[in-house]
Every structure is written in C-alpha cells, then in structure tokens.
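Below you will find the structure I want to go over with you.
Going in written order, the chains are labelled A, B, C, D and E, and every chain counts its residues from 1.
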Amino acid sequence: MKPKTNRLKQGRRRSRKAGLPPGTLVHVGDRKVESVRVTYLDYDENKVEEKQVSAIEECFPFKATPTATWINIDGLHDVEMMERLGKEFDLHPLILEDVLNTGQRPKFEDFGKNVFIVLRMLSYNEALQAVESEQVSLIVGAGFVISFQERVGDVFEPIRERIRSNKGRIRKMKADYLAYALVDSVVDSYFMILERFGEKIELMEDKLVSDPTEKTLQQIHAMKREAILLRKSVWPLREAVSGLQRSESDLIGEVTSVYLRDVYDHTIQTIDTIESFRDMVSGMLDIYLSSISNKMNSVMKVLTIIATIFIPLTFVAGIYGMNFESMPELKWKYGYAAVWVVMLTIGMAMVIYFRRRKWL
Amino acid sequence: MKPKTNRLKQGRRRSRKAGLPPGTLVHVGDRKVESVRVTYLDYDENKVEEKQVSAIEECFPFKATPTATWINIDGLHDVEMMERLGKEFDLHPLILEDVLNTGQRPKFEDFGKNVFIVLRMLSYNEALQAVESEQVSLIVGAGFVISFQERVGDVFEPIRERIRSNKGRIRKMKADYLAYALVDSVVDSYFMILERFGEKIELMEDKLVSDPTEKTLQQIHAMKREAILLRKSVWPLREAVSGLQRSESDLIGEVTSVYLRDVYDHTIQTIDTIESFRDMVSGMLDIYLSSISNKMNSVMKVLTIIATIFIPLTFVAGIYGMNFESMPELKWKYGYAAVWVVMLTIGMAMVIYFRRRKWL
Amino acid sequence: MKPKTNRLKQGRRRSRKAGLPPGTLVHVGDRKVESVRVTYLDYDENKVEEKQVSAIEECFPFKATPTATWINIDGLHDVEMMERLGKEFDLHPLILEDVLNTGQRPKFEDFGKNVFIVLRMLSYNEALQAVESEQVSLIVGAGFVISFQERVGDVFEPIRERIRSNKGRIRKMKADYLAYALVDSVVDSYFMILERFGEKIELMEDKLVSDPTEKTLQQIHAMKREAILLRKSVWPLREAVSGLQRSESDLIGEVTSVYLRDVYDHTIQTIDTIESFRDMVSGMLDIYLSSISNKMNSVMKVLTIIATIFIPLTFVAGIYGMNFESMPELKWKYGYAAVWVVMLTIGMAMVIYFRRRKWL
Amino acid sequence: MKPKTNRLKQGRRRSRKAGLPPGTLVHVGDRKVESVRVTYLDYDENKVEEKQVSAIEECFPFKATPTATWINIDGLHDVEMMERLGKEFDLHPLILEDVLNTGQRPKFEDFGKNVFIVLRMLSYNEALQAVESEQVSLIVGAGFVISFQERVGDVFEPIRERIRSNKGRIRKMKADYLAYALVDSVVDSYFMILERFGEKIELMEDKLVSDPTEKTLQQIHAMKREAILLRKSVWPLREAVSGLQRSESDLIGEVTSVYLRDVYDHTIQTIDTIESFRDMVSGMLDIYLSSISNKMNSVMKVLTIIATIFIPLTFVAGIYGMNFESMPELKWKYGYAAVWVVMLTIGMAMVIYFRRRKWL
Amino acid sequence: MKPKTNRLKQGRRRSRKAGLPPGTLVHVGDRKVESVRVTYLDYDENKVEEKQVSAIEECFPFKATPTATWINIDGLHDVEMMERLGKEFDLHPLILEDVLNTGQRPKFEDFGKNVFIVLRMLSYNEALQAVESEQVSLIVGAGFVISFQERVGDVFEPIRERIRSNKGRIRKMKADYLAYALVDSVVDSYFMILERFGEKIELMEDKLVSDPTEKTLQQIHAMKREAILLRKSVWPLREAVSGLQRSESDLIGEVTSVYLRDVYDHTIQTIDTIESFRDMVSGMLDIYLSSISNKMNSVMKVLTIIATIFIPLTFVAGIYGMNFESMPELKWKYGYAAVWVVMLTIGMAMVIYFRRRKWL
C-alpha cells in the first residue's frame, strides 16, 4: 500500500531537519528528478524569450529588466544553486528553507521585497489509483516570478502557450498577473481530481447496493483517507489566496486582485465539494454497516425458519421411536398416518406464523 | 439514478475549462434550451415596454435611459452574443465567465460599475422525484438589471405581472429594487421546496415505524444527499445576501437595503429549516438501525424458545429410543405415560421461564 | 401525530405567499381565534386606563400622549384593520408582513421610528403531550408598545396586574420598560417548559433502565424532535435580545438596557439547559441501543447453553438407538447405566464450562 | 437517584418566580441552613477585625472606611435583611435578585458603582458519590466585598487565615485583590474535583477491560452526565473571568488585573481537562459496546462449534436408527465400527476446519 | 499502565497547592532530578563563555552586560534558589509560581519587563511505549533568557553547539533570537514524535486488516488517548506563538518576528497532522467494529448452513426410526435406497439455495 506510506511521510520528513539553524538549506523530501532543470520565459507586450539554461546565473540579468520574467525550476536537490539564486534575488533564508522542505501546507507570506506562495499540485496516479501531491512554491518579486517544482511536468503548459502566442491579456500584464495565472491553473486542476473522486464515489455507491463485501469497507476507508488528504491540501489554500488577495503588498496590483477574488471563489467551491464528498463517504459507511446487519438478519431468519419447523417435528418422530413396551399408538391402525397429519399440521402452522410475521 | 449523476457533475464540469485564460467565455454546463431567448422590460412610474427581441442589440439603447430596464436571457450557449453584451454594458470578463459556468455557488460581488449576484433556483422534478438546481445570475447596473437563466421558465412571473399592472411599489422604484424583488422571489420559492421535503420526511417517518425495509435505508440515504444539496445551495446565500445588504455600492439604495434585510431573514429561516431536516433525517437512520436490531432480536427469540423447549424433549425421547437390552423403564407399565409427564413438565417449566423473562 | 404536522408546517406555510409583492399583508398561519380582540392599557405614574375596544381607531388618540400605551391585539386575520393601524402608526410594510406571517424566528429589527421584536411564546399542550409555539410580535415606538398574538391567552397577565396595582417600578417607567417586561415574561415562561421537559427526561431514564421497549425508542425520538423545536425557538432569541440591549435606538433607554442584560442572561441559561437536555436525550439513545444488544446477548446465551448441553447428549442417545446387529455395548449388563454416567458427565462438564465463562 | 434530581432542578427552580416584577427579592432554591450567618472581616496593613454579627446593620459602618472589608453571608433566605443591605450599599435590584436565585450560571457584570460576580463552588459529596454545586455571589465595591453562600462551609478558610496572620500580600492590597483571591480559591478547588473525577475514570477503565456488566453502562452514563454538569459550571466562567480581567471598571486595579490573567489561565486549564475527560468517557462507551459485540461473538462461536460438530453426527446415528427391513449395513460385521470411523472422521474434519478459521 | 496515570496527573497535581496565597513558590510536580543543575552561556559576536555554576549568584553579573546570556536550570525543587533568582531579575511572583507548577498549558505572557513562555517538550519513552511531556519555561528579558526544565537532557544541544561554534546567525543576534531558537527546536522535535505516531498508526492499520483481536481495540483506545494528549500539548501553542509573534513588547525585535511566523507555520502543520491522525484513529475504530460484525456474520453462516442442511435430514431419518407397526415404506424393497435419494435431494437443494444466496 504505497499511498499510505506517501500520506504519512509529510509529517515525518521534517524530523530530518530538527536541530539545524533556521534558514539552513537542506532538501527535505524525495529526490524526484535526476538533474535540476531551469528554464526562463521573459516577455512583455512585444517580445517573448524562452530558454532552458544550464546555469542559474543565465537568469540573473532579467532581474533588473522592466519585462516580466518567469524562472521555473524543476527539481530541488541542487542546494548550492539555490543559495546563489537566493543571494542574487535577495530572498529571505526562510523562503528557500520552505521551498526545499516539501511538506509545507499551502500558505502566503509577505516578505516585503517579495511575496512567497506555497501550493500543492495534485495529480491522479493511475498505477496506484491514488491522488499524489507535489509542492509548488512561487516567489513573486518586482518584475519576476520564480516557481519551484519537485519534478518535471506540471499544469502550467497552457499558460506557457498563452504567453508564447500572446493569447488573452497575459502579455499585457505584469509579473503579479503571471503569479495569479499560475495559482489559478493549480486550483483549476483540482476540479479534475474531484471529478475522478466523484466517479469513484458513484461506482462505490452502486457496488455498495449490489454487492458489499469486506473489501468494500477497505475501499471506503481508503476513500475517507483520500478525502482527508484532499482536504488538508485545499483547506489552507483558502486562507492563503484570501491573504494574497487582500494583501497590501505593492507587488500585487489592483487589477490582479479582482482576478484573485475569482480564484478564491473557486477554492471555496472546491472545499464545498470536498465537504460534500466527506459527507457522502461517511454516509456510505452507515449503509455498509446496516447492510451487514441486514445480511445477518436474513441469515438468522433462514436458520430460524428451518430449525423452528423441523425441531418440533423431529421431536414427534423421536417420541414414536421410543421402545416402550406399551405404547398404544404404535399399534393403532392409522397411527402412522395420524402422526403424519399431526406433523404436517405443525409444519403448516409454523409456515403461516412466519408468513404473518413477514419472514417468508 | 439520474439525480446522483446530476449532483456530482457540478464539481466536474469545470474541468473542461482548465487551462484556458481567465475571462475566456466558454459555456460550461448542459445546453438546456434549443435557442437563446432574450426579452426586455423597460419601465418607470408612467410607462412599461416589454418585448422579446431577436438580436441582443435591440436592448442596448436602454442602457442610457433613466428608466429601469430588465433584460432577461434564457439559455447560455450563445457565447458570441454574450461577448457583444459584455462589451456594450462594460462588464468585467470574470462576470461573464461565471455566468456561463453553471456550477457557481451563490455569491455577491461588487465590481464597482456593476454588482454581480449568483443564485441557485431550485425546482422539484416530479419525474425523478428529486430537487433540481438551476443557476440564475443577476447583473445590477445603474438603471438596469440583466438576468441569465439556463432555461425558459422561472419563478419571476409574478414580478413581471406586478410591473405590468403597476401593483405594489415596484414601478416607483429603481433597478436595485427590481434586483431585490428577483432575489426575494428565488428565496421565497425555497419554502415550497422545503414543504415538499418536509412532506417526504413525514411519509418516511410513518413508513419507518410501520414497515422498514432495506429500500427504506436507500431512501433515507437519498434524502440525506438531497439535504446536502439543499444546504450547499442555500448556505452560501446567507453570506451573499448579507454582503449585498451591507454593500457600500451606490447601486444599492438605502430603501432597498431594508428590504434586503428581510430577504436575509428568510434565508436564515430556510437554513434553520434545512438544519432541522438534517437532524431529523439522521434521527431516522438511528431508528432504522435499531429497528433492524429489534427485528433480529425477535427472530432470535423465536428460535431460542422453540429450540430450548424441544431440544431437551428430543433428548428424552432419544434416551428411550436406545436399544439396550436391559432398560427397566421400558418394561414398566406406566413408563410411557411417565415419560410424557416428564416431558410436559420440562416444557411447562421452559414456558414459565420465558414468561418470567418477558420473552413470551 | 398532530405535533409532527405542527412542527413541519412552519417552513411550509410561507409558500402560500410566494410571488406576492413584499409588504403585501396576507395572514399566513392558522386562524386560531374567531374574532380579533383589541385592548389597550394607557398609564403613567398617576393613572391607568384599560379598555377592550371594538374598533382599532379608538386606540389612535394615545399615539401622541406622553403616557405609556400598550395596545394588545389577539388574532391576526383582520388584515384590513392591520393596514389602518400601520398607516396611523407609520409602520414599515415589512413589519406588518412579518407580524401576519406566523413562522418567523425570534428577531430584533430597528426601523428607526420604531423597533420590531418577534418572540415565540411556548406552551405545553397537555392533550397532545407536546410543546406548542405561538408567535408574539412587539412594536415599540415613542410612548407605545403594540403587541400581536395569534390567540387569546398569554403569559402577560402578571404584568397587567402590576400596572393596574402599581406594583414594582413599571408605572414609573416608559414604554421601553414595558417592552422589556413583556420579553422578560416570555423568557421566564420558558423555564416552566424546561421543567416539564426535564421531568419527562427523568421519567424516560427510569423507564429505560427498568423496561425498554420499541415504543421507548419512538418516545426518545419524539423528545429529540421536541428538543430541536425548543432549540429553534430559543437559540435565535439570544441574538435578538443581545441586539436589543446593545441597540443604539433612542427608543431603548439606559436603565432598561441594564434590565435587558438580565433577560439576555436568562436566555443563555435557557440555551444551556436545552443543550444539556440534547446531550442527555442522545445519551439515552446510546443506552437504549446497548440495552437491545445486551438483551440479544442474553437470549443467545440461553439458546447456546441449552443447545450445547443437549445436542451432544442427544447424539449419544442416537448412537445406541442404531439398529446394528453387532453392537456389543447393548448387551452389556451395565451398558444402560454406563451411558447415563457418560451423559451426566458430559452435562456436568458443560455446566462447569459455562460457569467458568460466567454465563451462568 | 438524588443527584439526577439535583441536576435538573437548576432549570426548574426559576419557574417559581415567573410573573413577578424584575428585582423582586424571592429566594429561589433550597433553604440549606437553619439561620443566616453574617460575619465581617475588616483589615488594612496594620489591623484586622473579625466578628460574627447578629444584625446586618453592624456591618454598615465599614462602608465608608478606607480599610478593606469582607462581609460574608451564609444562607440566603432572610429576604428582608437582603433588602436592608441592598438599600445601604446602594445595590441594583437585579444584583440581589440574582444572588437569591441560586440557579445562575457563572457571570460577571459591571454595574458601575459595583461589580457583580457569580461563581459555582463545587464539592464532592461522598455519600451520593456525586459532585454538588453551590452558588457563590460576590459584590465588589469601593473598599468592600460582600460574598453570599448558600450554606456554611467554604473553600475560603485559607484566605481568612492569610488575612489574620498577614501572610502574602493580601493585607497590603485593596478589596479588588480580596475579590481576586476569592475567585482564585474557587477555581483552585476545581482541580481537586477533577482529581476525583480522573480517579473515577481510571477505575472505570480498568473495570471496563476486566469485567464489563450492564451496570457499567449505567455508571458510564452517570459519569457523562457529571461531565456535562462540570462543563456547565466551568465553561461560562471563562468568559466571566476574562470580562473581569479586561473590565474598565475603576474597582479593579492594574495589579489585580495581572493576577486575574492567572485565574483565567487556570480556568482554561480546567476546561481543557474537562474536555479530555469527555473524550475519554465517550471512548469508554465505544469500548463497552464493542465488548458486548465481542462477547456475543464468542457465545455464537461456542454454539456453532458444538452444533456444527454434533448435528451431522446425530444425523448419521439417525440413519442407522431407521427400521427399514433391508438395510445391508446393519448386517455387516464391522458396520458398527465403520460408523464410528465415519463419525470420528467427520468430527475431526470439523475440528480442523475450526482450527484453521481460528475459532478454536 | 503507567502512562494513564501520567496523563491524568496533570489536572490533579495542582490540588496540592489549593489555598496558598498566589505567588507562593511551591514545586508542584515530581522531583525528576537529584540536584538542581544551573549552567550559563554568555555570548556576543566575538566571545562565548559557558559554565556550570554551583550557586545561582554566579549568573547575576550577566544581567547588566550588553551580551546575550542564556541561563538554563534543570530541576525545579530548589525553591529558595528560585526566590533569590526572582528577586535579582525582578520577576513577577506569578511567573515563578507557573515555572514551579509543572502542569501548565503552553502560553505566552507579556509582563512588561520580561516575557514569559511556557512550552511542553515531548519525548517518546521507549520503555512505556508512550509519549511523555515535560514543561519548559522561558523568561526573556533585556539581554538574557532563563530556561527552566524538569530534568537534565533536552532538545537544545544543537543550539548550544551553534553558539559555541558560531554557526548560523545566532551569535550575531540578541536574546530574543535565542528565545526563538529554543521555541523552534521544541516545535521541530514534535515532528519526530509525530513520525513515531504515524508509524504506529500504519502498523495498527495493517494488523487491523490481517488479525483484529480484542487487544487491538485496547491499543486503538490507547492511541486515541495519546492523540488527545498530543493535541492538548500542541493546540494552545498555536495561540502562544501567535501572541509572541504579534506581541508589541520591545523585547521581541522585528527580525525575530519574521522567524516566529515560521514557527507559527510549523505549529499549524503539527496541529494539522495531529487532526489527521485523530481522524485516522477514529476510522480504525469503525473498521474494527464492522470487522467484528463481519466475523459474527460468517460464524452465523456456518452454523446456519450446517443446521439447515442436517436438521431436515435428521427429521427424515427420525420418521423411519419410528416403531409403528404399520409403516408400509419400511417393508418396500427399495425403501432404504429411496430415503437416501430423498435425503440427498434435500441436501443438494439446500446447497444450491446457499450458492445462489452467495453464502457458499
């Protein structure tokens, strides 16, 4: 059961760091890519420049330009490079510590010179049949956004495409709008995860009615845990996005703020859906439990009907199996027939009784 | 089970849009009408003008007039028309995006030049025996209200009638009062839905006592889900109406604000009733479960009584069915009669025991 | 089951009004009295005047006088009279709408020229063995209080007596103190209802221990619903009284405000008690359920003891009831006795085993 | 069951007062002492004077002195004396009403000229094995504290001792510090009650594991009710102490305020512990219920094992007990032995099956 | 069961102090070390001085120096020493009272001249297989931090190492940063505890599926109690750290405040994980309970199948074991064979029936 392991590691990983001075850069988490990949996308209304660089220093010149620059870093284990980046862009040591420490909950922090956002990007792992969670960190400064991901592959491709092809308003806007767009696409991707989860619930509900087994219970429990994980990833986002939107930082413009309100709405919507899912999953447990009770009830009924009909009859047969010398009935001509009549009468009476009690 | 599908789609539909730039107009939802129907109602204290137009442009002249204008649009799939409307009335792109995206939760947003309200209009589908939910969006501007519905048919007919016949104060008031009247009639319509739901609960409670079956459990579960849906539709309305009432927008006048407080009260009342329903539905589950237990108990009792009486008797009969050569009792003159006496005594003792334990 | 009907009607009744313009006066609720009864009580420190009037207009002169006037109206169906009253006393249309619409939750609203209070007066209907709830509306203006009740008969008689006989400080105070006195006596009357409810709980708890039946469960469920109703009636009162007390309205004086704090305290105390009752009622359900389980357990034990002792014995008897030609034991002289010894030994062993397991 | 009666009376007693004008002095509660006992303790840094007076008027002279005076009254039924006291110390009628009405929840009220505090003093009644609750009211004025108790005997003796022997700082401080000391010693006494309760929980948990009976359930239920009572007594104290501490009354000095923060901390600590106890008690119920299930399970297993082994064997014996004329097996030389082999084989197979299922 | 005792003592210990004047120094708690150990660490950017002193007075000179001084005291029972320390450093008596009273919940208090912080340091006792909790108190003044622990051995060693070797920024910072570092390392150590707890949950979940026994329930219950203890230790920390961070005390600098926000984040993360654990533990109880039900169900099925097949067959055999003189079937040539056919048919029919019901 891989996903369980995955789930619990979040709290655990941090312990590796205990005792180090705050701001010490140590990558806490699994190394998910071979080598760190750094790309930049520099654009304004008139031009776009995109490149995968081999050394982080190639990105440094863009810091001062009036264009918007998006530096994306896939893979977090090159700690030394991070330090060079931090020095150049004047980042607070705690920012980089949190970037490298991949067990953060979603949050927003205003460090004055830049704004720091942590998100959790969810994806559905088909092999494990489980939701996986990856930490995405954004640093928004004057004229740049630096994004950090644990591995290559993300939900940002449509944004890149929009920048390249100058679709929508993104090329006309500053770095804050880019940051908004990134947050927005992460939140939008949650809806796909919820869709999968909703389908699973539907399947499970049908199965629950048609054929509940002990394995069903395990699956309900797994879904409950998955709902807990989803909740943990999305719930703090509400506060983070709300903080970002109402932030008084100069880095977040008025116009972007309106768009962030929209993201906030989507977050609430996601939370609402997750809460409904939780209600439904716990409702399924109730159904499962009472379905077990019902089954046991029907098993009991069969036993009771058979036993209640035949035990008295067997007693009657036992009577006339006794070997007393003087049992007048045994010598009666119609004794045997009479016993059959008695037994059939008893049997019929029982059946009628059960009918009336609606057991048959 | 159509309604279940319906219920879960809300979170799912959005995923179609993931990756598009914000403000892109895409109709997300089922196309519920063949063609879009646009009507306007322009009025002041002295005159009323009402018309179903073939092109949205016919409504544009009313934008500048001092009269109050209500433009109603049934059907959301004509995206191009929406864009023309948005351009003319200077609507924020996010407003139209939300209008077209029919999975919104009730909300109120102040965009400065206009105010945006999303409501959920509930109706009871007799065929599916389930509550259905349709998104109604209102845009309130200076001198106009634009309302969007997913399909033809609404709860606004009485308002139209009041405007036409100059009943009440509506003709004397501005567009904000019209917006209030629309919100009010949506909230008022909830009471009818709750009435239906209340009747269903009463029926179910009677059935639960008289004849609980496994199907009853399914129905209780379905009602629980319906209560969740109702809650999800009404709960956020509280905040939305409260926001609208306390809004500092110039578009909402002092007088209307008093009326909105009344709508707020009705919303709270609705929420109260839904919460009571939830309590009652979960109480029904308790009764159902303990009723199963009681049934099993009575099944067990019957089995136990029959078995406990006859098993010892059968043993006695078995004794005298043995073929030992020297069994003195078998030769006694009253042996057979004595055995009957013994067996009847045992049987009576058992019956008395059960009587005392109140099992009979 | 009348009370159930009663309970659910609250949400339902409103639906009759859906579609009418706000402020339209329609009596929504049961007509509980034949004819509307109007009385007034006009007093200051020196004089009292009390009269039952035939036309509401007789009360109008007191509007302008410096004395405190209490107009009480029993019965709400005379809509036309209400309209005349509303016009004369300059009441907001929404006030009268709420007065006539008898499904309001307790609330306080400040309309500037007057203050509007809705309360629910509870009474215990001995015939139905259930709590009944009646809406009492108070309008407090400068120098007058108008109270509306659904039927004749209330908890205000002691206040009338105090005014007539100049007991306490009421004659020295203004209309706001009268309003306070009315609210106070409604809240005080809740304690009597809670006393009844507490007695019912005590009786039920005793019964639960001594003799729980399926009917007990129904009664617990009924009490749970009653607790929900009580809660619904009292909980919003907290906010209403608190609003009234902290109101900045000129109509509520400093001195009265201190007294209102006392009412607020009593309301909290009532809510506390109701919450305890809810806890106790749900605790009773737990006891009931585990008592069923215990019963089933003891039924099972009886069955198991009897069956486990006699089934092996019957088998032994069955052995020697076989008709094989060569069964040496059958011919032994003490064969029969030996079998008895064997059987008694088995039986004793079983009994000892059950003793050790504490089943006997 | 005395304690139950005790518990429910709190809500009930008030009903005796319904209808009286507010501020009317009526003693609501049990008369717990024969005669009212009044003592005073007047002190400053240099002198102490302590006396039990026969008439309340003896205390009046201390009202104006600059020393701190503590007037303690045990027994509340001398209403007339209360009125004289109220007149002399200029107390608001609602204060005295609350003092006499012994069902108050803990609260703090600022009446300007004096501050009113209600506490609940808990004590463990060994005879009833239950917690008892007594109302303690404090009135703090400029230079005096008046305390009211329902009966003689309290937790204040150490404070008296400290004043007499000038231990600690109490003699150097004013009346507000005395009030703090009284509240503090009441809160401190809760820890002793919680200690008792904690011991009871421990005992119960051990019993639950070793020997759960139906009586155990009753005791768990009683503990749950006791926890509810504790909670009801302590929870509102939080707000009361917090209000007292942050009060802007001139009567509570800066220095005392710091000490009150300490009391607040202790109150929170008490509430924390009570909440943990509630969790533990409800956990015990879960254990009890599943222990019943486990018991039934093991009963079922015994029945099933015995029945399943012997029923088939009895059937085999029954076969050869039939009286058909032509049953070849009966004539075989080793028929009887063969049947034994068959039966033993069946029996062994069953035993092996149960072993594998871990039922044996 | 030592840990249980441990758990409940927290509320209990205080009772020893009831009645003493506030601020009286009494050590409430177990004396966990033989002798009190006092060490100091005085440092600035240029020098470090570390020493274990024999008399507290050796630390007094550092009070006035501009360097940062950390005085650490292991063992709390030397009350007299505490008093001398308190006098020298001008500590409020309530601070020292709380330091000695080792049942405090985490809190932060601003006493003006110094800031007081209480933390709970958790450690996993391998022998008892349980979490233990120790109180750590910090007093932050201008230029010094005094820390109190119940016993020798803590999680602060890495901090000492950092100071000695001038690693990180700690030597460049003031006493407030030292206080932050201490709080941070306590919070960081929680992650290790949670890691252990997470592993226990995983083990338990596997066991629950493979082999649930009655002991499993006990363990689940123990884990639930442990989760309650964890929660109680960490939850109030949230408020404490948040208060510390937003404190307006001059003692906490701007720069340190940013770091404290980081600690706050970690606290929230810890709480989140604990809440997930609680959810998982209560989910385990559900699984355990339904697993018991499932087991009973399968026991019932075996009984029912065996009994239902053989009881009717035994009846048939009983019929032909009767001794009537005229039973024609007994004389038929193929009578015996026919009975076998009948019995096999009945048996087969039963098996088919059970197959169809999926019991086999």
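Couple of notes before you dig in:
Basically, a contact is a pair of C-beta atoms (placed from the backbone, for glycine too) under 8 Å apart; a residue touches a chain by one contact, two chains touch by 3 or more.
Bear in mind the structure is a predicted one, so any value in this text is a computation, not a measurement.
Touching chain A and chain B at once is no chain at all.
Between the contact lists of chain C and chain E, the overlap consists of D. In the contact between chain A and chain E, the residue numbers used by both copies make up under half of all numbers at that interface. Centre-to-centre spacing of chain B and chain E amounts to 42 Å, using the average Cα coordinate of each chain. Distance between chain D and chain E, defined via averaged C-alpha coordinates, is recorded as 26 Å.
Among all residues of chain E, those that touch two or more other chains are 289, 293, 296, 300, 303, 307, 311, 314, 318, 321-323, 327. Interchain contacts close the chains into one ring where each touches exactly two others, per the touch definition above. By the touch rule above, chain A contacts chain E in their complex via residues 4-5, 8, 10-12, 14-15, 17-24, 92, 94, 97-98, 103-105, 107, 109, 111, 214, 217-218, 221, 224-225, 228, 232, 236, 285, 288-289, 292-293, 295-296, 299-300, 302-303, 306-307, 310-311, 313-314, 317-318, 320-323, 327, 329-331, 333, 335-336, 339. The residues of chain B lying in touch with chain C in their complex are 155, 157-158, 162, 167-170, 180-181, 184-185, 188-189, 191-192, 194-195, 198-199, 201-202, 205, 209, 258-259, 261-262, 265-266, 268-270, 272-273, 276, 279-280, 283, 286-287, 289-291, 293-294, 296-297, 300-301, 303-304, 307-308, 311-312, 314-315, 318-319, 321-327, 359.
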